[in-house]
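The structure is given below, and queries will be raised subsequently.
Note that the chains take the letters A, B, C, D and E in the order they are written out, and that residue 1 is the start of every chain.
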């Protein structure tokens, strides 16, 4: 089908999207799990503040977090300048910046999913592990973490999906540079802004959807496995 | 502080945002719970398809679902025409359309949260309820639903937040009409499009954040209550 | 058409960059004529597609001819009422105090004139970006500079990039450059190097009589004064 | 004989565990309770789950009181909630979001008033749940959870009640309070029950009708007394120790003097006092360690039962002598090897079996 | 006397339930096991939780083997995993994401080899878990879960082992297999334990050192034998029935004839055979229903113990006569009213208490 003969530029956008979305998962994973756990299990000063900050990207139009990232991490930004000058790292206008933008946007989803899952872990099991001589750290890794696996997987798939669809923050923070930051959504947006670009946009939409389906399918398999390990019925059929 | 003296138009945008976000919660609630439950507990033909469709809005740049809604529900749209002519209902270009747009965008979040929570409900408790003479429907309402309350609350707060921040699909589907569809994110956008509008945009950002915090706080209270009812430790402190 | 049972009103769909100008004119018009003006500001593409799908617009003001042509091709406009309303000019800007020397000449080595990125609207979809590409090509600078170009969602974002020093140079409309206190205008592109920059206006097919009245009012001295105040020039002036 | 209470023939393969159970439990006029007895992991809970419908067998047929609940061959599978089979789960399965009161009322409230066989307060008082009504399950002790689970199932007034070790974590006092109540439920309300316990005495307090299961197979079922002689029942015997069971008929009683008289063949036995009417037939159990032997009849002793017989076998196990005496029925007496030696008891010797009245336990009927 | 194994003084207020427990449990040379006994909801599990650290008391002090685990006054609170207090939870609390093997190895693997007191295979064999090693907890029966939980705690080789009804849902055979093992754990490995059970016999199989708790208060603690005379212990007596406990010293034994001789004051008792050495002191329990009375000494009978004494009290309860005999120690015999009447037993009459050797149970030491 002609509809599916993609130009090199489109394939580049596809590959870039995959790269960014995978790194977005990686980037949200550890902080997401940590913050989710913290919010589920600990009381500390500034908890509400932390929770609010994590959720902000969800609440604001994506342009705003994008703009804030620019102020913070742009080459002239407070942190970005330092990163650039001391470490030689540039995030603005690079694919790394795109990863950061989508990670920030995905973080609330990841954190909420993990938090929900951790809350539902029976804290009696953690206590049991401790009576068997496991330190808090070990309990976290050997009990809490595996038992919240379904939540972590949900969080990661949401992060991946969000990254695939992230547009506003990305274009605001790193712009639309072909081959560097033009992910699928940016490419799709470009086509929708051109009269008669609908067909091309549709091609890319199909591509996006296929990618998302593959990710969804993979996550389903992982989740079923995790659930089976937990002895949950939903893991069986 | 002068920064916080809002114009009537800004207050209108605030009120509209609240209205839209609340209705978005209402609109996602029942289908979100139903689909989440379905995906968690049932196997049926077309399950993957349903799951994919629900997730699409997350995966695509918001313009695309917005555009699809326009094609479907616009006054000339397939469904919109019928709605308009037979029932006299217009959703495109009205605040109802804004609700639909953000509900569609929020649906994957709601569904995922509910699905995660339902999966973690001990199906043995449902079996116990049935041995006590409760029909499937009653079991759902009296056992499954209350036990997945934390997930439902998480889903609702995500839906509310997403609605507060929804921009792309809304402006594409229902436009940016003051008093009708100009929610906070659209108002913020409008200001960023005007030279010198940054300060005004910032004021609205602050407003958005305050609103989101209030919602977050309310959800926290609800959740804690739900958890306490479930005898979960996290509900206590 | 039937003022008997409805308050007289006119619905104006205008490119987002006209937010302030149209807002002020509308206020005056309401006072003068007692006709309520409802406006929706978004990207020209979004507005055009909404009108195509039956949006209740009476007047459409586009930021370029393309989307006006798009609607005209679909017979959605009152052809007779269409004319170019406003004009603008394309300028090169730099962050405040970091101006550099440029000659608008084919022999000038533009790529060497500054270090860093050049921001402008997305080259394929945002009108300013399209004009910029035309000019750069006409001046023979395109090949040398194209890898350093950052496309943005709209001109306002380009301006922000430059104002923050993220981009060493930007190509924006004169109207934007004029009101920016944090950037310097380096040079203006010759109007001959790109298609004429015009904001066409037209009444939407089937619109009420008030539409034509409002379009007429846009040409009045009162309206012109407001447009000038925001840096626009009337087309043909 | 009435129609069977339960007819069951099912098969379930869970890989390492295969359940293959065929069972017919008879109805009796005095109310039908069947004990299900078997070692840990033998399939008792699984069997109850299949009866209640919470576990689906691979194939099989279940008929309860003439109503077919499951027949995989005919595609019959009555939904759980229409089976009216109550199940007290081994791990209680209380609803964590409801208070104790909410849990107790869950099934109760679904009933029409006419179908409520117990009063709410009646159950609450019996199980001593009054102070806990507002508690949540997470705030209950192990035994409290078990009581609530039992109460919840009773209040749902099921047509068949399945009890999975309902008293396992209760203290003796509560057991002694609840068991007689269950007996009344069986006798007065006629609710048939299947009672799973690893404690044979608990079962025998309620019934003599028993099924023994091991490794997923029903080894035997029927009357406990008949079963004792079956030599398939090693696992049962293992846990019972060498006890004697006798079938007796009540022939007289004296409430004042606290005893009953019963006949067992030609022998007359003095039993602890019971409310049962004269003429009733039932079984009694006499632990072998509570039977003493003597060469002659003895007077001036509180031991009321002195049953003459002939030594038919002597076995020495672990320093203990098991002497089998043919006294009409076969009785096993457990004495020390020293006593055997002192009395010079040999096979074919005539002896008297001395049994204290108070050391005799009732089966099925109790005080 | 050695230093106390456990000193405990804690308070916890949970609204309707208040725990206020002070307790000192002594160490003994034969290994230290303390039984914790009390009715459902009395606070046993709560007390264990506080010792293990999984429940925080409002205030109090806990010293185990001279090590202060908690002292709210001084701000001491040793983290749970450093307490080295193993807890077998009443509801097993197995890790659902690990196999049985993974559960068993959880604490085991954290230990240096030198600290591993048990071999993995040893525990697996004892608890008959071999066929279940690859199962997940959700695939286990109730009793199987309990065994895994017990094995998991044992394999973690704790310095103090808390057992919360570890055998409640096990059948008699497994009980009889695990109890002697626990006795060996106590005697040979010297792991101190606190053993919670609602079954006093299970406790007495392991130890005579007992604490009785009711409504969150320790009613009494110390030696079971001493405690029986305390009249605070209504709840205890309630569940025990009228049993007799005697302190005895082993004076002789014959393996061949399957008996031991022991002295209790001036009386000589014949007991079932035991491995314990001559000279050992311990207690035996004789159920009141197993003591017969006679007017004179009787010969030609298998009953070996005929202890003379004087009737000091007679009570009639529920058709049963409880006759207290002063025979050096006080013994209670339960006979029928008819036997009382037939023998015309009155207060101050001389009688013999007839006790079958095999009807005598050991405390703390078993066969």
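The criterion applied here is as follows: contacts are C-beta pairs under 8 Å (C-beta built on N, C-alpha and C of every residue); 3 or more make two chains touch, one makes a residue touch a chain.
In this text the structure is predicted, and so the values were computed from the model without any measurement.
Chains that touch both chain B and chain C are the following: A. Centroids built from CA atoms put chain B at 19 Å from chain A. Centre to centre, using the average C-alpha position, chain A and chain C are separated by 35 Å. Chain B and chain E, compared by their mean Cα positions, are separated by 60 Å. Remark: chain C and chain E have CA centroids separated by 90 Å (rounded to whole angstrom). For chain E, residues that reach two or more other chains under the stated contact definition are 91, 139. Across the assembly, chain A contributes residues 63, 168, 189, 192, 232 that each touch 2 or more other chains.
Counting only residues that touch two or more partner chains, chain C has 43. Pairs of chains meeting the touch criterion are A-B, A-C, A-E, B-C, B-D, D-E.
Those residues of chain B whose C-beta lies close enough to touch chain A in the complex are 40-41, 43, 48, 51-52, 55-64, 67, 108-109, 112-113, 115-117, 119-120, 123, 150-151, 154, 157-158, 161-162, 164-168, 184-186, 188-189, 192, 201, 205, 208-209, 211-213, 216-217, 220, 227, 232-234, 237. The touching residues of chain E, when paired with chain D in their complex, are 14, 16, 38-41, 44-46, 90-91, 131-132, 135, 139-144, 147, 164-165, 168-174, 198-200, 235, 238-240, 254-259, 270, 272-273, 289-290, 292-296, 298, 300-304, 316, 318-321, 333-343, 345, 354, 356-359, 367. Per the touch definition, chain A reaches chain E in the complex via residues 122, 124-125, 127-136, 138-139, 142-143, 146-147, 149, 229-232. Per the touch definition, chain A reaches chain C in the complex via residues 63, 67, 70-71, 74-77, 92-93, 168, 171-172, 175-177, 189-197.
Chain D meets chain B in the complex at residues 52-54, 79-81, 83-87, 89, 91, 93, 95-97, 106-107, 110-111, 136-139, 152-153, 156, 158.
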